[in-house]
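Below are two complexes that have chain A in common, paired first with chain B and then with chain C.
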Partner chain A sequence: MNILAIETSCDETSAAVVADGERVLGQVTASQMEIHRQFGGVVPEVASRRHVQAITRVVDTALAQAGLGFADLGAIGVTMGPGLLGALLVGVTAAKAYSLATGLPLVGVHHIAGHVAAALLEEPDRPPVRPPFLCLVASGGHTELYEVDASFAFKRLGGTRDDAAGEAYDKVARLIGLAYPGGPEVDRLARLGDPGRFSFPRGLLDDPSLDFSFSGMKTAVLVALDKLKRQGQAVPVEDVCASFQAAVIEVLVEKTRRAASMTGHRTVVVAGGVAANRGLRAAMQAMAAEEGLEVHFPSPALCTDNAAMIGAAAYLRAQEGRFDTLELGAYADLTLEEWQSGRYPMD
Partner chain B sequence: MTEAYEWRVDDEVEMRRLGERLGALLRPGDAVLLEGPMGAGKTTFAAAVGKGAGVTQPMTSPTYVLRQEHRGRFRVAHFDLYRLYGDPERPETLDVEGVWALGLDDDLAGGAILLIEWPGPLADEIDAYLRILIRPEGASRRVRAEAWGKRPELILKEWTAS
Partner chain C sequence: MSVIAMDTATDVLALAVADEDGRLMSSLVEFLPRAHSRLLQPSLGHLLAGARMNIHDVKLCVTGVGPGSYTGVRIAVAAAKAIGHACAIPIVSVPTVDGMAMALACAEGQRFGAFMALIDARRDRAFGCWYRLEDGRLWAQCEPTVQALSDWFAIADRERASIVASGRRLGDSAEAQGVRVRPWNEIAPMMPTALVRLGLSGSYERFEGERVHDLAPLYVLPTEAEAKLGAKGEGGE
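The block that comes next holds the complex of A and B.
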């Protein structure tokens, strides 16, 4: 079954055509990164307007890339939450309009289920993964560990109690004067620095839970920067990045190791924007080799927000015959539990 | 402003206790503006206020989603406007229209308790609010509370007496 998928939960307007939940036949993503960089951050009104301007164009181009028309499709998948409400509404409204015009059934998809489903897509250097597996989702808005069963149902094992890992990256980048969003730049600079130069906190590392805490990191980096300033020293940006990255990665890797040993899963998927981080990839692979685990990362292009991953998740939902009606809404705070149960929050 | 009060807080435990006591006094429509530099503990304090208002789930940072809603005894709307500044060092670069687009009026009209981080010039557009300033002093914090308006004054009085 071919699915047209749409994702507009935050900064990217993305459309894709995915066959049988695993082959990407076409995908187009219009990024707003450049615009937001000019403003220094996200401007929700601007984001929504840009989505409106781009949506039909990316859908048309994705279909053209796939060489298909609406008559060749079996369903339309769309991100229904969580995310910025105004941005989500553009995608959901477009999907409903296409559904109404073509008679194709609708499938609302949870954004995080989409990130995890990215691992189910076929890529040139990587075979698709099949559940069950253990999954770490780390992005700007999320840091969570899930058990994903054979039917692609999620069980939350733990998650951040405060900041997300990607958020910690962007904020520390801001503290040391890098442009927004600074995560990828921190990853690059970290490779040039000394990870042992500063000792930053490993939040909740010794806590038996599978929860994370990254909010203490900002304070610790601030204190270190303050001390350097008082001593009249220049900020060794590369060393700060390397030390910060070492702390974040250690916690992510160790909690994942613990989760694998607690649940007995031998397959681990790392998804979300932070999964594109090269330092994290190397450290996860080293841990997996030690523990005899198999670890899978979607390619960096499928780690950041994209519609193909939504198509993969929509396919599984469609296989179970779970479609949505034209009443489908957009929900800024949608939880995975709500999505799985199909009991969406009331407006 | 009519009333102000200042605390010296030595650690996170004390900070949480102070926040929880405030949370217990709040009702939908009450707005708490949280100011202070990055890393000062605004989110920690906000989470404690939420806990005091009966929120049992961990209150994660709303930075990415801008507004996050929680349920305690009442609805608690936790905002972080940080990403809505052109330059967070320059308050005038806040996209104020963007803030209202997050649904602030419904919350202020009694829909939810509002906890707003990085409020900047938004204070000029809200009638009554409690303003909390957190200043780091080494490992400890100086917490200043200012009441702007009748109801906030009452809250501050009860809070300092609790």
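The block that comes next holds the complex of A and C.
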């Protein structure tokens, strides 16, 4: 079954055509990164305006790449939440209108389920992963550990109590004056610095739960920078990045190790924008080798927001015969539990 | 063969299915704020079914493009673009204020006169435009724009224009200033007719083929973030 998928939850307008939930036949993402860089972050109204401008063109180009027309499709998948409400609405509205115009059934997809489903996509250097598995989702909006069962149902094991990992990266990047989005730049600079130069706290590392906390790390970086400034010293940017990254990665890796031993899962998927972080990839691989686990990362291009991952998740939902009506809404705060149960919150 | 028309830029959702001569076959006007995104597609489906039409019988899509609520206007525009794209039909873009003014003329049974349509834009401002109606044809006397309510009212007074106004605050301000306005939710039942009539008038831009992708809302105002950035660029703050 070929699925046309649409993703507009934040600042990327993306459309893809995915065959059988695993082969990407076409994908186009109109990135707004350059626009939002001027503002130092995503401005919701600007993002929504760009989405409505680009929405049908990305769909048209994705279909052209796939060499398919609307008649060759079996369903339309769309991100229904969580995310920026105005941005989500553009994608949901277009998807519902495509559904009305073509008679194709509609599948609303949870954005995080999409990030995880990115691991189910076939890639040149890696076979697709099949559930069950343990999953760490780390992005600008989320840091969560889930058990994913054979039917792709999610059970939350723990998650951040304050900032998401990606959010901490962006905040620290701003503190040291790096351009938005700062995460990838921190990752790059970290490889040039000394991770032992500063000792930043490992939030909740000693806590028995599988929860995370990153706000303390950000504060510790701020304190360290202030101290350097008071002493009239230049900021060793590379060392700050390396030390900060070491702290974040240690907690992410250790909690994942614990979750694997607690649940007995041998397969681990790391998804979300932060999964593109090279430092995290290396540390997870090393931990997996020690523990005899198999760890999978979607390719960096499929870790950031994209429609192909939404198509993969929509396929599984469609296989279960779970479709949505033309009344489908968009939800800024949709939880995975709500999406799984199909009982969406009332407006 | 039929024409569909829609507008979601105000608190009112207006939808129409008409024949090629502009005769309404089914229509719907809902005064249900913040429900447009829920209702647009299912309602359009019901209207087509009620008119015994299939979406593939639709040969033209007329859409209101604002100004008005930013989130609201994107709903009709995104839907129109997707329908225009999937059904390979042209889209005609009609400013929402033109539709409102035409609806007011229809409601008052006028073929001549001056009309003004206003939509609350907060801070005592309104999106709006004013028109002369000559033998049933609407002639805009300015570009749709945003300005202080008092400026709009001064024009209306000078031109003896009838006013239709969307937004409760706007209605209250008008009353406080002794200006007579017709509330939009009372006039809105004529919006489906007005949209179809204007859409078929040949006076509005048509987006066809590749150009369907170029259709964009008429926001009138830049976003606040862009306005600030622009001010910085010009050396102001």
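We adopt the following convention: the second predicted complex is superposed on the first by the 347 of 347 C-alpha atoms of A that agree within 3 Å, B and C clash if a C-alpha of one lies under 4 Å from a C-alpha of the other, contacts with A are read in each partner's own complex, and residues count from 1 in each chain.
Keep in mind that, in the parts below, a residue touches a chain if its C-beta (ideal position, glycine included) is under 8 Å from a C-beta of that chain, and two chains touch if they have at least 3 such contacts.
Note that the structure is a prediction, hence the values are computed from the model and not measured.
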Subject >> First (chain B), second (chain C), both or neither touched by A:A330 >> reply: second
**OP:** Identify the partner contact of A:R281: answer first if only chain B is touched, second if only chain C is, both if each is, neither if none is.
**Re:** neither
**OP:** In the overlay, answer first, second, both or neither for which of chain B and chain C A:H115 touches.
**Re:** neither
**OP:** Classify the contacts of A:R50 with the two partner chains as first (chain B alone), second (chain C alone), both, or neither.
**Re:** neither
Original post:
Looking at the overlay, does A:G86 come into contact with chain B only (first), chain C only (second), both, or neither?
Top reply: both
Original post:
Counting only touches as set out at the top, which of chain B and chain C does A:H265 meet: first, second, both, neither?
Top reply: neither
Original post:
Taking the superposition as given, does A:K171 touch the first partner, chain B, the second, chain C, both, or neither?
Top reply: first
Original post:
Can you list the residues of chain A that touch chain B in one structure and chain C in the other?
Top reply: 39, 43, 45, 86
Original post:
Can you list the residues on chain A that touch chain B in the complex?
Top reply: 39-45, 82-84, 86, 140-141, 159-164, 166-167, 171, 174-175, 211, 215, 218-219, 221-222, 332-333
Original post:
Which residues, counting only chain C, touch chain A once they are in their complex?
Top reply: 34-35, 37-42, 44-45, 55, 70-71, 74-75, 77-87, 212-213, 216-217, 219, 223-226, 229
Original post:
Contact residues on chain B for chain A in the complex?
Top reply: 37-41, 43-44, 47, 58, 60-61, 63-69, 82-88, 93, 95, 97-98, 101-102, 136
Subject >> Complex contacts: residues of chain A adjacent to chain C >> reply: 38-39, 43, 45-46, 48-49, 51-53, 55-57, 59-60, 70, 85-86, 89-90, 92-103, 325-327, 329-330, 347
